[in-house]
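Quick heads-up: structures coming right below.
In what comes next, subunit A is part of two complexes: it sits with subunit B in the first one and with subunit C in the second one.
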Partner chain A sequence: MTRVGIAAYGITPFTKNDQNIESVLLGSVKNLFDNNAKINRDDVDAVLVSTNDNSKYLAPILSEMTGIQPKIAHSIENLCNSGTNTIVSAYSYIASGLAEMVLISGAERYDSPGQILTWDNSRGEFKHPIFWASIFTKSYKQKFSISDEQLALVSVKNHKQAQKNPNALPMGTCTIQDVVNSKKLTDDLRLLDCSRPCTGSASILLASEKIAKKNIDMPIWITGIGQKTTSAGFTKNDSFSSMESTKLAGQAALKMASYNTKDIDVTEIHDAFSVCEPMALESLGFSDMGKGMRVIKEAHETNNFKINPRGGLIGSGHPLGATGIAQTIEITQQLQSKAGSRQVDDAKVGLIHNMSAAATSSTVLVLEK
Partner chain B sequence: MTRVGIAAYGITPFTKNDQNIESVLLGSVKNLFDNNAKINRDDVDAVLVSTNDNSKYLAPILSEMTGIQPKIAHSIENLCNSGTNTIVSAYSYIASGLAEMVLISGAERYDSPGQILTWDNSRGEFKHPIFWASIFTKSYKQKFSISDEQLALVSVKNHKQAQKNPNALPMGTCTIQDVVNSKKLTDDLRLLDCSRPCTGSASILLASEKIAKKNIDMPIWITGIGQKTTSAGFTKNDSFSSMESTKLAGQAALKMASYNTKDIDVTEIHDAFSVCEPMALESLGFSDMGKGMRVIKEAHETNNFKINPRGGLIGSGHPLGATGIAQTIEITQQLQSKAGSRQVDDAKVGLIHNMSAAATSSTVLVLEK
Partner chain C sequence: MNFELELSKGEFSIPECTICKKIVWPPVEFCNHCFGSVSLKKGNFEGKIIEFSRHDEDYFCIVEFENTIKIMAKILKIPEKGQKVKISKCGISNGNYYFYVN
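The block that comes next holds the complex of A and B.
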């Protein structure tokens, strides 16, 4: 079977702008083609849009705006991991032989309807993600004796790292005290523990090995894929202090790529809220359970950007349908040694973790040179 | 590469019911599993939802309701051909080796937001499909000297055939005069020339050859796939009396299956409006340009159900995200000789045509025993 590579990418700064979704999508696609003049739009077999926006027919609309007449065109939605679901779908179109080159574009507006899961009205106000995040935070802190101050380091580190990311939503740095003193949203959650909704777009072009090797200077290969959905409602989770879908997706992705966690040089972790970063690192096997903050603290103190180099969701903003694609672009840049002042030394293998709705669904990808 | 087969299907009657989308989806999935007790839900690797509904995270929600914990789960939208886009995506997941068994469920409510394309507000009221349908009808009638009465036969035939479809939206039969005397929507379009929005659901299970041959009595194989998007806005069409995307998708599907139009025994044609049936038959190569009504007339007069045996969209209703899947179920039943009083004699090879937005996008599938 053909290998599938990342042949090009485009991204635009995350903002709070009130633009229509078509313009947001177009921004990163234009950036992609502007920076990759060798790519012929006539060779694009499929255009897949990743978004939670309610607008319809966005893949044909983006195709028309971009001058592409693809075979395959449709939108994909799965809340916050729409982006990596779209990447895996594109992978399968290429690996199955139905396409040689697939354009993936993710975009969201700051007011995306995907920010609230309205299903199961019996939960009343608990439809908003801050409620599961609060329950996770309380559970994690109690089970592993972690303080608010310890957990706040996730936000401090990721805001620091985002300063090196030219596309991050501008937010500045913060201290531990800033985080714990920021607006109290629930008993266990402060404003600075949360990723911010924003307007943003990110696009990548996937290609078969044949096409990638012919046209692309430095393709990055997708060698591991793992996905798992355990439920839709977070109250079905077995635990509020670990992530079962993340664990299973991580195991599958590493197995497919024939790697171990110790082989991973750089990671993008879905830190929708501070507590998600240590929980995901633990469920992925990067540390023992309850010890994730030690790994994070060490990275922060040594100024090693290996965990969420672009600042994660907390540091750079969370445009839902674009997030998994922006994560994938970051790992691609790291493996190409093109991450500028965010560069992790000698990065050869990277991992992306992207999840939805209290980790009821996770995607893990392994990328390598 | 593995062949991909249709291993099971489920469908429920199309209605005007005001049910929530989750319940609509669940209906046909329950029907599928009730009728196929041998299938183990633990073997389902992916759950894909086809809909234009604005609800989010429907694939994980459907999975949780159905007791499935899939690897892959997401929704797909591309207006009226969401259904066949989802089938092709599922095909690629299996053909690429990422999945062995994929559940596809399409559903829509009668008030779906996919019935109007709001993009390009410069068109004013022309956002509703009746306007492109009216322009197509005027253009087709003028170019090929076809009368309103001649074209009305499409609706007469499809309402007649729908009487044999237990899942069709109940609408009764009609005469040529009933059609031309029905409510005038535009100068060139009458109410009975239009398919009706409705609430409906249809599900199929695709499986790899290995799984299908082990578990399934009579799998039907997907041997031809063709897709094309030429634009998003219908004013970009080269012609208003033929369908370029349908022509290209049809050629690709027949080429992949190594068949000719004369090998096709039964077809599902996307008759969103009366004029679409002859136009699509012509663009697919089943007749010369402008002669599609002759083929339709002959089939009607000989009571041969080979074109839209279940009554098409006009006869059975058009629940957008479910339509392409319901079409695929019809062809599957025909090839399995399980179509009851709709059965076309000796049907061995069938073709499905499903399109969106004035044929700016088309999917064509070839199925065989």
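The block that comes next holds the complex of A and C.
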């Protein structure tokens, strides 16, 4: 089976702009080809679009707008982890020999319909994500004796780190008091504990080893993939203080890459809400259960950007279909030592965690030089 | 089996497979274990509050029934984890299910 590498990437700033989805998609693809003039668009075998937008036929539309006539063109939707699902599909096309080069483009508008899973009637009238996040937060805080102030550090750290990310939704820094005094959404959730929906796009070009080595100076390889879906409905979760799908996806990805968590130098964690960051770190095995905040606190206090260097979803915004791809671009830049003032020292192996709908589905990728 | 028809009349019932007797949740036409037909078990079911929080003045909670089904419901009085409750009101409004427990 051929190795699959990240050959190029492009991204747009995350904004609250009211743009049509086709224009949003085009923005990051143009950025990708502008920055990689050596890549011939005629060599692109497949165009895959990741979005929760309800517009139709977006992959053929994007292909036409970019002058590509691919063999394969289609969209992929899986709520918030659509982006990494699309990367996994592209990887599979290349690994199977059906394609040598695949363009993946994720985009979302600030008003994406993917924010609410209307099917999940078990949630009754509490379908907005703030309600599952409140239940997670309450359960996690009680089980592990974590205070609101302790948990607020996630938001403080990620807003701080986002200041070094030129594509982040502009939000500024905040203090622990700012977080705990921000607008109360529920008894257990404040506004600054939440990632913000936004408009944005991110694109990646994946290539087979043969093509990547011929065209690219420093390809980054996808060496581990793990995915798990435990259910669709939030209330089917067995635990509200840990993430089973994340645990299983992480184990699978690390096993495939022949690494353990000690080998990971930098990681992107799906911090849709503050509580998700320690829960995911624990479920992935970066700390014992209930001790994730210690890892986050140590990283923050030493100004080590190894967890969510671009500011995570809370710090940089959450354009659903683009998020997993933006996370993957960040780890790619870190491994290429091209992350500028966000750079983590001597990063060789990175991990991406991207999940959907209260961690009912998770994707974990391992990347290395 | 028409769970939604019963729910729209204010009746909460529990879908159960006619063959393997497993509870099928969320309600669908066929059992997700054996694909058997599903019928509705009626009753005044008692559930247990697993977790709760508050939005404005309204408490909302996760309630588990029959050690299997979990729903999100409103409760008018301050809830407690482990508290035994029953459905006091339910239905469908604007396409969304709603449940009250007490």
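Heads up, the rule we're going with is that the second predicted complex is superposed on the first by the 366 of 369 C-alpha atoms of A that agree within 3 Å, B and C clash if a C-alpha of one lies under 4 Å from a C-alpha of the other, contacts with A are read in each partner's own complex, and residues count from 1 in each chain.
Here is the rule we go by: contacts are C-beta pairs under 8 Å (C-beta built on N, C-alpha and C of every residue); 3 or more make two chains touch, one makes a residue touch a chain.
Everything numeric in this text was worked out from a predicted model, so none of it was measured.
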{"item": "First (subunit B), second (subunit C), both or neither touched by A:P113", "value": "first"}
{"item": "Touching partner for A:F126 - first (subunit B), second (subunit C), both, neither", "value": "second"}
{"item": "Touched partner set for A:I135, first subunit B, second subunit C, both or neither", "value": "second"}
{"item": "Which superposed partner A:A357 touches (first subunit B, second subunit C, both, neither)", "value": "first"}
{"item": "Which of subunit B and subunit C A:T186 touches, first, second, both or neither", "value": "second"}
{"item": "First, second, both or neither for A:T235, with subunit B first and subunit C second", "value": "second"}
{"item": "Superposition-derived comparison: subunit B or subunit C, residues of subunit A touched", "value": "B"}
{"item": "Footprint overlap on subunit A, where subunit B in one structure and subunit C in the other make contact", "value": "118, 233, 236"}
{"item": "Subunit A-facing residues of subunit B, complex", "value": "1, 22, 47, 52, 54-57, 59-61, 63-64, 69-79, 82, 85-86, 88-89, 91-98, 113-114, 117-119, 225-233, 236, 249, 252, 356-357, 360-361"}
{"item": "Residues of subunit C that touch subunit A when the two form their complex", "value": "25-26, 50-55, 60, 62, 69-74, 93, 95-99"}
{"item": "Subunit A residues within the subunit C interface of the complex", "value": "118, 120-127, 130-131, 134-135, 137-139, 185-189, 233-236, 240"}
